[in-house]
Structure formats: C-alpha cells, structure tokens
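Got a structure here, written out as structure tokens. Questions coming.
All chains are identified by letter, namely A, B, C and D, in their written order; residue positions are counted from 1 within each chain.
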Amino acid sequence: MTRLLREHPSIDVELGPDGEPIAFRWNGRQERIEVCNRWRVEESWWSRPIARDYFKVAGASWLALLYLDRVDLTWHLERLYD
Amino acid sequence: MTTYAELHCHTHFSFLDGASAPDELVERAVELGMSGLAVTDHGGLYGVVRYSTAAREAGLRPVIGLEIELADAAVPDPAGIVVPGRRPWRAGRGCPAGGIATTGPATGPTAGALEARGRALAGAAPLPDDARRGEGLPARPRPARARLPGHRDPVKEDLRGVGEGQRGPHLVLLARNAAGYRSLCRLVSRANLAGTKSMSRFSHALLAENTEGLVALSGCREGEIARRLRVGDRDGAQAAAERYARLFASRRARLDSVATSAFFLEMQHHLLPDDDWLVAETSRLAEELGLPVVVTNDVHYAYPEGRELHDVLTAISHGRTLDELRDLRRSDGESFLKSAGELMALPPGRGSLDGGTPRGGGTLGFAGADARTAAAWVEGIGNAGELAAGCSVDLGFERYRFPGFPVPKGNTAFSYLEELCHEGARRRYHPISSPVVKQLAHDSTSSNGPVWPSSS
Amino acid sequence: MTTPPQNVQAALASLRERWGGAAPRWGGEVEGALAVAPRPSPAFDPEGLPGGPGALPASDRAIPTGFHSVDAILGLGGLPRSAMTAIQGDGTSGKTTLALQAVAGAQAAGGIVAYLDLARSLDPVEAAARGVQLDWLVVLMPDSLDEALAMAAMLLQDRTVDLLLLDLQFWTPGGAGTSNSNLAERLNRLAALARRAGVQVLVLEPPSLPPALAGVLIQVAALRLELNWRAWIRLGRDVVGQRTEVRVTRDRFGPPGRAAELGILYAEGGLRDACLIRRDLLRESTPGTGRLTAAWGSGVAPLGGVAPPGGYRPNLPTSAARLAPLHPPAITPVPDDATSPSSLASPSPAPGPRQGLRSIRGRADHSWRQAVDGRPGPGREPPCARAGRPDPDAARGGP
Amino acid sequence: MPLGAAHRLAPEAVFLDPDPPAGAAALKAALDRLAGFSPGVAAETDAMTPGFGRVEVQLDGLDRLWGPEPLLVRRVGEALAGILPGPPLAGIGGTRFAAAVAAVLAGKVAVPPLVAAGGAAGGAAGGVACGVASGAVALHAIEPSGDAAFLAPLPAVMLSRDPEVRARLDRFGLRVIGQVAELPRSALVARFGPEGEWLHARARGEETEPFRPRHAPERFAMALPIDPPVSNVEGLRFVLHRLAAAFGDQLDARGAATARARLTLELDRSFSTGDVPPSMTIDQLLPEPTSEGLAIERLLIARLEMDPPRASVARVELELGDVAPAAGTQLSLFTPQTGRTGRLGWQLARLGLRFGEDRVGWTELEDTEAALAETRWTWRRGSSFGAGAGASTTGRATAPDRARSGGRTNAALHRGPAS
C-alpha cells in the first residue's frame, strides 16, 4: 500500500554522475537513497504536457517514489510506501 | 567492433504504426553514424524498394526484414501468456460508455473473422449483413459478377481498440542473403493469403517452412520470450528460446557466433517500469543458453518529435481521440532512432541496475546480475552492427531482368513470333484480306531489326 | 488457515490450469499479495460478503484484520470493536496496509468507515486493491489535529460510522492551533465515546509523535501494535514488497508481547505482477550495514562523501568472455520440495497450508545463510539487522 | 402559423411576444382568488402546455353560498378583474369537456346568460383581449343534462387535439359530434383504440376522468419575537429548537417532509456599531427530505456557528420550503448500512458546513491503470455525493443509490427557482 501525497511536495535531490538521484532532502530530513526502479511518463502532449521521470527509491527502511518534472526540472515526492 | 546498426525499425509502410518515411530514417541514421539500418515493417515488404534505394544512395547498408505477428502459440498456452485473450477496452475518463465489444478469451484473436473466411473459401457466400440484421428485408438474388480466378471476398477484421498487448506475439525476421529475401517474400505472400484484409496471418507451421537465409530476433516486449519473461515464466521462455534457436539453426551455425547464428535475443529499453526486469532476465536467459543478444530500439519514428505523429496515427487506427486512447498508445516516447551512445546511456548500459555500486544498498547477489546485464547490453550493441554487416541482400536494380520465355527448339525468338503472328492471322481473319497480308509482311521484315512490331 | 478439502483442491487446480494467475486462490495462500485482476470491481454484493472462503467470520467483538498471522496473535482474533487501536510504525512499516486491510474487513462485515486523512495521502486505487469499498469510505480531510479530533467526536456521537481511521502520519507537533495540554483529555474522551458508541477507532501513529501525545495514546488505546520494517522483497533490482514484524505492545483482551511477521507485496500493476506469485523469483534483502547509516528522521547524513561509480567499463567483455559468468551467482536457487513454485504454465498441485509466507522467508533465510556463512561476496557485508531478527518460527507466535 | 403568414393575414395586428413566466404568475394569482370560491379548482399551470389558460371550477352545491350560477360567474369575474390580462370566458356544463366547449363558444357568440344547475364549470382565460369592459364575463351555460344535445351539432374535430385523430374522424365522415355519439362504443374503440373510448364518452357528455383539484401548497412559516434580544447562538438554539420541534410535529402529522429551510433573523441594530443589515437570512438545502425537527435545527445551528449574527437577534422566523409528501423508502435486506445512510448524509452535511465542503467527500475510481496516479480517481465532495454523471450502475442498487437520489434531489432544488 502506498501513500499518495496530494500536493507532490518539492524536494532537493543530489544527483549521481549518471543522473540518477543518490540523496534527497525533504522536510528537514536528508538521506542517501538507492534507485530500485525508474520509468518515464509522457502524457497529454496535446493539451497540457506532462513529462516526468519517476524513480522508485529505497532509503534505510523506507521506500518512496520521486519524480523529476522534465517540464520545469524540479523534483517532487509523490508516494511513500507504507 | 563495428558501429551500431538499428535492426528493428518501422517505416510508415507499417501502416498507421510507423511515423517516418524510409528516406527520413535513412537520413537520420547516417547523421547518427550508423553502419546499417534494417527495415522491419509489420507483415509486409512494402517499403523495401524505396528504403534500400535510399540507403544505397546514402551509403548505408540496408537490411531487409519483417516484423511478424504470430497467430498461434507453438506450445499449448493455457494461461494466455503468449496469445492473450482480448479483454474489453477499459473505459476511462472522457470515454464514451460501453467501449468496444471484443471477443472473449477466445483461442485465437481472429476466430470470428476466420470462421467467416472459411465459409467464403468453401464457396458459400457469406450472409449479407442486412439479411442477418433486418428480418423483413427481401433477399434479392444478385447477379454473379465476373470474378477473377482465385478471387476471395475480403474479410475485414475490426481490430480497433485491440492493442498490441492483446494480439499475437511478435518476431523479427531479417534476410541475411538473397535466399532469405525469397523466404521473406514467400512468408508474406502465404500469410496474406491466409489472413484477413490488411491483417496477415503467420503461423508457426508457415514459419517453419521458410527459414532459409533468415535471421530471427526475439522481438520487442510483445515477443513470445519477452512476454513469458515479463510474467516470470522462466522455464517457458527458455523452452521458447531453444525452440526458435533450433528452428533457425543452419548446418554451419554455431550458437555463440554472431556471424553464423540465426537467432538472437533482442533487448530493448524504453524506460518503462518493467524494462529493467525484462532486460536483466533476457541477459540471464542468453547466458544460460549461450545465445547471442542484440540491442534494438523498436524504432517507429526518426526523431523524438515523431512521437506526436505516431500517437495521432494510433488514434486513427483505433478510431478514437487522443484522450480516449489510454493504453493503446505506446506509453513511451523513446521509440526514435538512437545512436549507440544514447543506447549506452540507458540504465542497463550504465551498469546501473546496480545494487552493487558503493552507494547502493549492497543487495546481496545482485551486483553479479547487474554486471552481467551491462555486459550483455554492451555486447548486444556491438552485435547489432556485426549482424547488419553480415546481411547483404542486393535487389539488383542496375540491370533489366525480363521474364524468361521458352522458345521451341529450332526457332529464334523472332521466327517464333512471326509464326505466332501468322497463326493468329489465320484464326482471326476470314477471309484474309490484302491489307492484312501486307501488314504482316511489313511487320515481319521490320521486326527482325531493332524496331518493335507495331500492333496489328 | 485450513487445508482445503480434496474436492476444492481439485477444483482450484483445474481453475488454475485454465486461468493461470487469475484463478481464485484458497484464502491466505499468498498472504498480502493483491489479486492480479486489473480493475477492482466496485460492485457491492452483500450476500457474497460474509463467510466467503477464507474470510474469518467477524465476531461481535472483533473484526479480523485480513492478515491471518496478525489475527492469530491478537486476544480477540481481530481488532476490537468499540475500542481504540493504535498502530505505530515508521515510514515504510506497512501500517497503512494493515489499517486498510482492517477497513476492508470492517466493510465486509457491513460497516461504514470514515478515514480522517490528516496527511492527505490516501490513494483510493491502492485502497480498492486492498478490498476497500470506496462507496462506503467517507474521506475527511482535517487541517489540524484539533479539527481531526472535533470531526472524530462528531462522527462518534452520532454513531454513523463503524470504524474511524485517524491518520497522524505527517502531523508535526506545534502545528496550527494544536494545544497539547488538553489533547490528552480529548483523546480520553474520544476513547470513551468509542466505547460507548460501539465504534472502532484506529490511530496510525508515526514514531515522531511528541512523548506526551504518545503517552496518552498508549494509555487510551485498548490495543497497540508496533510495526517494524524488516526486509525488502525484491524482484531483480526493483523492490516489490517488504517484510514487517508486528508486535503487540498492549492488548487489553489478551497477552501482550506476541509478534508475527507479515509479507506485504505491493503489486503496482502491469504484467509483471504475475511474477509476484512466483516465489522463486523473489529475493529478500536488507540494506547493508555502514552504507545507509542515517535513519529516517535522525538528522543529516553527510552527502557527497562517496566516490561515484565509474559508469560502464570501456573494456567490454567479448561474447566469449561473457558466456563464462563474470560473477558466480551469489544466490543459487535451492531446490525446496515444500515450496514448489506454482507455475503459471504448469500448475502445481494445491499447496499446503500456510505456505505463502513461509516459503518466501524460508527461501530467503536459506540464501542468507549461504551468503553469510559460506562466501560473502566482495564488498558485501552481513547485515546488521541479523542479530535483532527473531527466529522465524518463534516470530510466528500465537496459539 | 409562422409570424410572417400572420402578418400578411392581419397587417394591422400588433404581435406580442409570449411571456410564459408572467402568464404563469397571473394564473397562479387567479387560482389563489378562485380558491376562495370553490374547493375544487384545477388548472394547468405550465405556460408551455396547450392546456394552459383553462381553469376548471367545481360548482356542485355552491349556489347556496354564492347565489345562482350567473351571479357566481359575475362575482368570479369581478374577483379576477385586474389579475388577468382580459375578462375571462366562462362556460357551464355537466362535464368538463362540455363546459370548456361552452366557454369557447361564449367568446364567439353573444349568448344571454343562461342558468345551468349542477356540474362543473370551465372558464377559459386566455391572453386574448376581447374588448369587453372589465368585470363583464361572457358566459355560456348548458342546460342540466343537456350536454349531449349541446355538443351534437358542433364539429367533431373539437373532440381531440391530436391532428391524427382529427384526420381520421374526417376520413370516416364524422363531421359533427352527434354522429360520433350515435356510434356504438365498440366501433369507436375498434377504430381508434383507447382514444375511441374517450371520444365516445366526450361526445355523449360523460365524464372521462376524475376531477383532480389543485391543492394550494401549505406554507410552513413561523416566527417568534425574542425580547430582550439575544446575541449568542445558545439563546437562538433554544428558540430554534421550539420552532423546529413544532414543525417536525406538523410535518409528521401530515406525512410530509421538507427539503429546504430558511431562517430569517431580524437584528436589533440599536446597540450595534458599524454597518449591520436589518436582517439576515440563511437558506439551507437539506441532504434529503425530512420531517425531523432536530436534524433541521442542527444544520441551522451549524450554519449559525459558522457565521454568527452580527448583532442581537430580535425575531426569529423559520420557513420550510418544498414540502412534499414523504416518500416511503424501501430498505434493502442484508445491508446493515442501509438504515444509516440517511443519518450519514446529515452528518456529512454538518461536517461539511462546519469544516468546509471540500473537506468531506468520497472517492471514485476512474481509470485504475492510467499512467499518472492523479488521473486514476476523482474526488467527490460530500454535498454532491453521487450526483455526478457516472453515479450508479445497476450493480450497486443498494443504499448508496438511495443516498444518491437524495443528492440528486438537492441538485434539482438548486436549479429550481431560488428565493
């Protein structure tokens, strides 16, 4: 079961050399993460383009879904697995 | 190592699925420094001539191929992994209610249409739709129009709303030489005769008869092996891979040699959620069986922007608006021509399916798997170029080739022609008149020279 | 759980042969895995609900959680009606899963459920996948804990709902308009109301609660479960599930201190979900020690101190070299007679009771031992969590 | 007839645009007046229907009260003067059909008023100005039991409005009503179907359907002065409780339920500072029609708590709108929820009022496999629960449907003429 955060809060992400996140910061917490899956979503280019790179990342004892909004290049937190 | 060659590429002769013209693809491939490019349209060789002409002009090695959709499973497939049953189209936001009624979990996707076709072939005219629908309509006898011998009533199959994932498994066939090209032509002809309008029907039996000079790639994510791997059916995938390898193996083929092997496991990565898994499993399978791998990108358009046109084409082919397409459109926008560098930058190429790098969580036993996948990926990119280099089909447009015409012994072509003309004149003109005789004499004298006989 | 009778086994086997992974399973056969059906049906079939195969009948005092191993360690065999239950757990501990499963159980028994979504993080699709009837799930989104408590009180007074789920996940102390002083009193009142109105209250409690509030919760809750993440369940690189330990820290209706382990699979959709019922593909792992030292919420870990990985190697192995495995596989699949994987293509005979979890864990444990005792790979260290991990058989606990 | 054709026929005519609301309002006022004359008044109040403008008044036994019929008709005319655009035409007959025909004739032929006893009277009040001095009513009365004789010479096409029936009458050579009346009933039924039965009855001067008088809506309004004025909600709650409880009893006694409540507070401005309106009004739609005083009171109090009066309240008036007979609801078996959905609806309405409408609601799945999680489901606000388009499939025809229909009622009320 996952928690889907409605507002997709912004997060800070540190990137590794290959463009995948290796650490992120949110709500005053900062942690190393390991990417365990990634995929790309490109939707509705005909109306309101949405382009995101999703990363499913695991921390010490938690799992979350981040994405890079490729329209404005910001990082967001979308889901927490729980 | 040779440079990369894309071996799985659709031109717009994959009707309503490819979004780029052959010339455009060739141009882009040259730009990217590819050594070769294969054209593998769906169930047809329509684009071959335009493509190979363009490729030769641009100095690109043309590889001629085909992507087929097999209509049956080679082994019983009770779970519907290989030939899935069609599920009703899911209605989503902004969709008209009801959707499209599709066949249930039928054994084959074309069961209904084929039944109708069987009736048509057996001589019984298919019931006119009106008679089936309206009870009170008169069934007026219609004149039998002059039909050409071998004529069949076209049977149309409504495949709108049926996505690739609900159809038969794909397989890519490439011609290694002229014999391979002949095999492709035979396959296409037979499959089109066996199929319905615009929907050819390839079966395993047909495929088994025509493997000479062909190289098979295991296909995109909708190929039989990929489908099995995606649902975790390792044993089934292994059996299927061995079956294909046996099927395409020639006498001098060694399994692990790129130059002679005739069956390759195809790896693609379109940044979809389960692509990591699929690539890792494919490389694992390749290692277990010692099969060579090849990396392709299942190209449907030359440039990334082509995605929009491709989506629109998909919408047209399914008769829906873009909003209603849902999962019928390819969810990735990655099916454009990619250079070797771009392919290498994908997750498997980076070796970054990595639990094993220092920053990773040290997931036990996965570092080895990742290194294996990365190595296979790199090797597959190299193999693609090698394989393309090993394929040469020359359609030979430089010289004229006329159909052979047997001439009876003791005759030259012109003497035989004269004989035929006189015979025809005797049959046709009663009584024979002097202008006819004069004309015949004129023709036979002039036809011995460079002048073609004028029609009489 | 019981073994299905012979005729049921035969029927299930034939169904599986025909339908593969989509065939019905004997209840609890794969615990925590979602059905592979893509679209949860919202149809409400009142007659079909109670007493379906595998569903424990809801008693008048307790509602089963849907996880048999959890039900087994609870005094009432489920979460008590008309009392407050606190579920405490860290970020990814599985408490939402457990809570939603309980919601589904309550709805199956005919209840109306209100979800106080303080964190604004309910995913209805996931909820429906866990069996929640969205028709009967009222979602309330309070802004603050004060509001949440007021809403809860109103709902309890009118007895219009049967289960109230209060999600405190992201609630931060000192939020707008929260006065800690009378929180205790109000929570007490809430618990009393729940008792009187016969309404079940579930509180999802993050570990970061201020001690005062946590203390109150400990006091007022009749049942308190503590969930702790134990390990990931992986499919290739991807994490597709987790293992969680459930510990009863307080139980008014039975002995506290029992523990059980849950296997939770996420099943996020797509064809790949069919892999989740093939246990031989799943692996279990915990992050290695020393790498991920910073725990969630425990301050700031140094960034950038780790050397970047070198990317792909320019010296590519040739095909001949690749055919010899680069690394011997660290986990060799151990043939395990008790856990013959139910194959999609070739159906296995109906499995024995309680197979699902045990097989996952059994397999993983085996690999652990092999890896740890036998031949730890280079750069791989034995996990630190090993010592703290209860013995699997003791962990099962329960009667 | 198209307007252009009409212009050609009567170039000097002035054409007025139809004004259905005004017509309906005028008719409603007329009905209110007529209710003072007779207990049985029936009319079509929808201005868009062809029957609009005809008012039927039951005259049985009214001669003792109002005098003989001509006198009654004159009195009616006086009462209606000024309300309708012109003087009404009146006809008195044994059946409603005959009376209506008589009224039409009254407009065409100047017939001296005749006395007719018994039966119902029909008055056709149209928007046609007849040029008769106000108060003078053109009346045509039919002799008692003379209906058939009265109708016999009239054209048969008057029997029906349906052009097809008219054409068919013509085809059968039935020119006058008398010919129709002479035919056996079975013959008419055989050729016209059920309509034939009606035609026959009408032609013979027999009543075809029971008279359904119009019921004036009861107005549930009550006011209580508060002396001295109170400023806190607690005090108001006390007063409101009395009002709501009284209404609850009344509704229960009538077997009725209300769907809308309006609370008007007269504010005492003598001690207030700033700009305070003389009164404040709270309009509250109820989640479902109810007769429970307590439920209404609670919702209103919740509104008051959200938006307290800005000055002391001197008078409280509570009015209930949309009172209709309470519909019996079928509780489905086996669903324990059923009994409580009603209460839940109320509860959610209160929660929505207190904490904001957008905070309470339900979710509905849309496309569970969409690529973006946001588009997989939609949020439905509690107040509009189930009123959405894709609401109910047949599969879940249980309690939510009931709650949904309640929601739809609300939506309909929203669209209705709001005060």
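In the analysis below, a contact is a pair of C-beta atoms (placed from the backbone, for glycine too) under 8 Å apart; a residue touches a chain by one contact, two chains touch by 3 or more.
All values derive from a computational prediction rather than experimental measurement.
**Q** Return the chains common to the contact lists of chain A and chain C.
**A** B, D
**Q** Of all chains present, which has the mean Cα position farthest from that of chain C?
**A** D
**Q** When the contacting C-beta pairs are counted for B-D and for A-B, which pair yields the higher total?
**A** Top pair by contacting C-beta pairs is A-B.
**Q** With chain centres defined as C-alpha means, what is the inter-centre distance between chain B and chain D in Å?
**A** A distance of 69 Å separates the two centres.
**Q** Could you please state the distance in Å, as a whole number, between where the Cα atoms of chain A are centred and where those of chain B are centred?
**A** That pair's centroid distance is 38 Å.
**Q** Between chain B and chain C, tell me the centre distance in angstrom, where each centre is the average of that chain's C-alpha atoms.
**A** About 46 Å, centre to centre.
**Q** How many angstrom between the C-alpha centroids of chain D and chain A?
**A** Between these chains, centre-to-centre, one finds 59 Å.
**Q** At least two other chains touched by the same residue of chain B: list those residues.
**A** 90, 273, 276, 331, 350, 352, 355, 359-361
**Q** Can you list every residue of chain C that touches 2 or more other chains, as numbers and ranges?
**A** 38-39, 122-123, 234, 237-238, 287, 291-292, 306, 309, 311
**Q** Counting only residues that touch at least two other chains, what does the list for chain D look like?
**A** In chain D, residues 368-369, 371, 373 touch at least two other chains, as defined above.
**Q** So what shape is it, when you link every pair of chains that touch: line, ring, star, complete or other?
**A** Graph shape, chains as nodes and touching pairs as edges: complete.
**Q** Using the touch definition up top, name the residues of chain B that touch chain C in the complex.
**A** That would be residues 1, 77-81, 87, 90, 165, 227, 230-236, 256, 258, 273-274, 276-277, 280-281, 287, 290, 292, 344, 349-372, 374-376, 378-379, 382-383 of chain B.
**Q** Which stretch or stretches of chain B touch chain A in the complex?
**A** 271-273, 275-276, 307-308, 311, 322-323, 331-334, 345, 347, 350, 352, 355, 359-361
**Q** Can you check the complex and tell me which residues of chain B touch chain D?
**A** Per the stated touch rule, the residues are 90-93, 326-327, 331.
**Q** Where on chain C does chain D make contact in their complex?
**A** 38-40, 42-44, 46-47, 110-112, 122-125, 128, 134-143, 147, 150-151, 154-155, 158, 160-161, 269
**Q** Touching chain C in the complex: which residues of chain D?
**A** These residues of chain D touch chain C: 332, 334-337, 340-341, 343-344, 347-348, 350-351, 354-355, 358-365, 368-369, 373, 376-377, 379, 382, 393, 395-396, 398, 400.
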